[in-house]
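Each remark here refers to the structure printed beneath this line.
When the chains are written out, they are named A, B, C and D in that same order, and each has its own residue count from 1.
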Amino acid sequence: MAAHERLTAAIRAANSKGQPALVPFLTAGYPEPDEFVDTLRAIAAVGDVVEVGIPFSDPMADGMTIQRSSFEALRKGVSLAWIFDELEKAGDLATPLVMMSYLNPLLAFGYDRLAERALATGVCGFIVPDLPFEESSELRAALEAKGLGLIQLVTPATPAARLRMLSDASRGFVYAVTITGITGGGSGLPDDLADYLDSVSASTELPVCAGFGIREAKDVANVGAHAAGAIVGSALVEVLERGDDPAAYLESLRS
Amino acid sequence: MAAHERLTAAIRAANSKGQPALVPFLTAGYPEPDEFVDTLRAIAAVGDVVEVGIPFSDPMADGMTIQRSSFEALRKGVSLAWIFDELEKAGDLATPLVMMSYLNPLLAFGYDRLAERALATGVCGFIVPDLPFEESSELRAALEAKGLGLIQLVTPATPAARLRMLSDASRGFVYAVTITGITGGGSGLPDDLADYLDSVSASTELPVCAGFGIREAKDVANVGAHAAGAIVGSALVEVLERGDDPAAYLESLRS
Amino acid sequence: MTFALPAAEAQALLDATLRGELPDDRGRFGPFGGRYVPETLVPAFERLEQGVREHLHDAGFQAEFQRELREWVGRPTALTHAPRLSEHWGTEVWLKREDLAHTGAHKINNAIGQALLAKRLGARRVIAETGAGQHGVASAAACARVGLPCAVYMGAVDIERQAPNVDRMKRLGADVIAVETGDKTLRAAIDEALREWVTDPAGIYYLLGSAVGAHPYPYLVRELQSVIGEEARQQMIDQAGGLPDAVFACVGGGSNAIGLFYPLLGDDIELIGVEAGGTGDGLGQNAATLATGTPGVLQGAYTMILQDADGQVQETHSISAGLDYSGVGPEHALLQATGRVTYVSANDADSLAALEELCATEGVLTALETAHAYAYAREWSSRNPGKRILIGNSGRGDKDMPTLTRYPVRSGSHGGA
Amino acid sequence: MTFALPAAEAQALLDATLRGELPDDRGRFGPFGGRYVPETLVPAFERLEQGVREHLHDAGFQAEFQRELREWVGRPTALTHAPRLSEHWGTEVWLKREDLAHTGAHKINNAIGQALLAKRLGARRVIAETGAGQHGVASAAACARVGLPCAVYMGAVDIERQAPNVDRMKRLGADVIAVETGDKTLRAAIDEALREWVTDPAGIYYLLGSAVGAHPYPYLVRELQSVIGEEARQQMIDQAGGLPDAVFACVGGGSNAIGLFYPLLGDDIELIGVEAGGTGDGLGQNAATLATGTPGVLQGAYTMILQDADGQVQETHSISAGLDYSGVGPEHALLQATGRVTYVSANDADSLAALEELCATEGVLTALETAHAYAYAREWSSRNPGKRILIGNSGRGDKDMPTLTRYPVRSGSHGGA
């Protein structure tokens, strides 16, 4: 099984239990680098797939919460190399991981080395928010060579033809942005969410995970009715910011 | 005897006693309007001719001291009409007066009325610092009709031909500005003062009074060696400003 | 009060003006003008007059002056059609953009011209006065350009309200001398500059900033500023397809107004000078010299001034430092007395509103002085729909930010309005 | 570090540039450029690219754009010979006077062009970022001119050091939004503007201020700014009697430089871009992206950037807000890699000294950004006596007074020197 297929399988497994897959997002090394592995484990114990955010100096697609966590982690010395080292130390978590990173840290790291280390540390795919499909062939090639997935994002504004193209190109799952905004906007999902998610789902064989603006159990339920999974980002980072228990928060989203 | 001849006579009288004429300057109504007549009397008792300054809002040819006294007098309501009224009340002072005024208050007052009231109050001539000879025909005509003098100023920079013209036009005396500056500069008369005053004196039958920068007895003596009279302006206003006795100060200049 | 001449005399004087015969040999514009200066300054003025006669229309001087205007000042300045303002006002509005001239106002035309003259006359240093600071900045820049040291006299009150310009003058190498006497604005600064000039009339060149004062300044400044009207006249023909029906300019000392009006005097155009109406009609509440003053002598010229019955010059009030002056150029007094130009006023509040409207509709932040012309042009437009008008946009408003920030932008008037 | 291409590839790319074939269909200038933007913005960028293709070279658009440049911006801007500076430096110095353009810098050429485009594309409002505030002011003015509301994102650090421009933007009707995230300067402001754009990609037009970012911005901005070089080329021929030996421009994002250089690429002229050398050579001490950076992706383009070994973008330092940026336009990266243009840096202190020298010798108060070009041109002149040079005087220094007043004018350098 290619690594990206582990993502698909984990999501399907959750669905087969009658529930949407839960995909929590964690800024690596936030709030404290030496708690990274423990926090990751706790989250991975509840989540079906875990998204690990690589901090970047210029997080243009993120809202205030994730920006803050990103700058904080950078200030404390977190880097991509360090993250791989930590993941290596942590050993296999059973829960498959995806890395979410802006392109430049990946470029600086080198694509081939990236794919190698990812494969060795349970990272099954990548989400690169500033890399549209048109610019992605090099990275895609490097990842596919190791069976890793480059997960494509689609949005409510994506035209039908482009949606098909992106769905086809995606691996592991398709990331459906629920609002045309940045991460961390207020709760409240758009009215026509159902139609949108249904049309994304219809465009692909892969499971569709919906992200942006998911904060409460009812958001997960709403999304779950029309998508295979729910991605929880800013809301979880806020929990960590407050020093609350991330696992308990994630459990609450399932109820 | 025309009024302006009284000026000439008073200066000659002082000279005939072997001393330069002393021509003190007083800003009318300074420091207190209701002391004007008393101050004027005290000064007139020592001076041979008294120069009465008409306060003006825009005393461009004056230094800080006289400017200050001028603004202060204006603030306290002093006007040309009021000055004439006060002079009238004072009655004849024996010492002939000249008025020093910028043109605009005289214009506003009206030249004919001006000449009339001057004649009635012992004012024998006018010094108008912003009225060069070329612009002076109207005022001169109005004054001459009453025998009043328009005293011309000459300066060290005045060319010879112009000096002759101004001396010819002057009445009462010729006002020789000793420095090419504004009133109230520091003491210290120019080195070539003697030559300058000699040449002014040679240009006219009238007595020559030197002004600007005369503060001490030695200045009066210096000037007196080459001119018929010494005009004391800013230095006297400073005495009034300090509340000192103007008559005593003027006496000190004679010693 | 408006001082008017008998019709026949007015016509004769106007004809003489059109023939270029005024000022006359004595520096007179009909009854106005002349040279009322202390004897200590007479040689300096004679030397200046002589220099003006010798150089101003000399081909060599003109070539140098025109090259500086073109290459350094950035002339010709643009003529801008204002479509959105036109829509608001119901007239066809054009702006002559002196704000685009180097240092941000028409003042530079005069400053560089006189600086070149100072150089030719062998001056060792230049002094200048300033109100809004625009003439100070222009003088500082022009003196640097020709390589002469420069000192600028500025009233303490103006130093405060035009702080950005003070810094610019210093940066351009001028000494800025705070004037604490008199009314601490432009009038006091002129007096101080004159006092300084007396100390070295041969070595100092006094670079006066408006069409005021004793002869030959009103003439000299008019000649140097007429480039505004000459350009605008041709540009209106080229760009608008014809001359305007009415032309508006703000009037402080009157230099931008005379520069714009003079080349248009012979045309069938309504010319309107707009003074500072301040906060009201009372003496001391405004600087509307022509609209409310009387004839008198101030700072070297017989002209219209704001004075009381005793001939004491009155302090003025205007929100704009550059209009805050009790006198006005003598040629304007003549143009008013002959009826050729109409002088009106706009008050502080209407001028602020006009400034804001121009920002919102055309993206041009004009000087507070200039805003007065807009305020009146707007009112005039409401009475004259469909006419074509030209406004002398004498300067930019950057210098006014310290004043403007005290007045919040009125919401709703901006963007897409 | 300088990134260089193999000679044959460099020559081929340079030839393609000269034939006007770059950027290519994917928005690439050789290896540089492209479009690295979130999927949420892809439709917005496609719409923009489509709009640029449709309108930019359309005769109707060009006529409107050229008219605005002429009538409202005040183009052509002057070309000034600088005789006294030439004497100091030993070269023949000419200045292209973008400081005389409306609002005081070259930024307005781009702003009015894009504002006209926004209008054609049916945008309901405009957003912009700004560093020095010049682009913010230009955007505010341009939006008022075309009648669109405008919001300007500006780093909190820049808001402080360019206070005069903040007030001007507000007065021109723009909302100024303080950016407190990231480095609180230009880079953070761009990110915030992009975040805002995502919320309404169809209704908002993002008016980017330099030749940076994702395709088509570097192309669009170059096309709109090339008027600088086109005019300057002709003016040099007309006024100086021939092309310069070397041309200098400061480089922040690179818009004034590309505008000046692009029309001169085919001539035998040494082209030199001058970046901010800040206080030293260390990472974080300067903003000399091309001189010291490495290739990477920042804010939408593959270009030279200042980054550490982990690909984290570094904060920069420059005394001038407008150069304080960790990236640079991708076309400059190509021009460097091909060797056609040389990129160097000038430090804070030398730039301040150059600003002062220009004030003292020519009476031109230039922007701190621009001063960097003078600082290097001065040094270059000492090694190349007798040459003829052209400096892109990209803007005026009025906006820099808050910074400049912290550095007293050095005595002795002014007036008659």
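One rule holds in what follows: a residue touches a chain if its C-beta (ideal position, glycine included) is under 8 Å from a C-beta of that chain, and two chains touch if they have at least 3 such contacts.
Small disclaimer: the values here were computed from a predicted structure and weren't measured.
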Partner chains that chain B and chain D have in common: C
Centre-to-centre distance between chain C and chain A (centres being mean Cα positions), rounded to whole Å: 67
Centre distance in Å when chain A and chain D are each reduced to the mean of their C-alpha atoms: 37
Interchain centroid distance [CA atoms averaged], chain A/chain B, Å: 96
Arrangement of touching chains [line / ring / star / complete / other]: line
Interchain contacts (touch definition) - all pairs: A-D, B-C, C-D
Residues of chain B that touch chain C when the two form their complex: 56-61, 63-64, 67, 71, 74, 79-81, 102-109, 129-132, 134-135, 152-155, 157-159, 162, 166, 177, 180-182
Residue ranges of chain C in contact with chain D within the complex: 70-75, 77-81, 84, 97, 99-102, 104, 125, 140-145, 147-150, 164, 167-168, 170-174, 239, 356, 359-365, 397-398, 401, 404-405, 409, 413-417
Sites on chain C touched by chain B in the complex: 26, 34-40, 42-43, 181-182, 187, 190-191, 194-195, 198-201, 296-300, 305, 307, 309-314
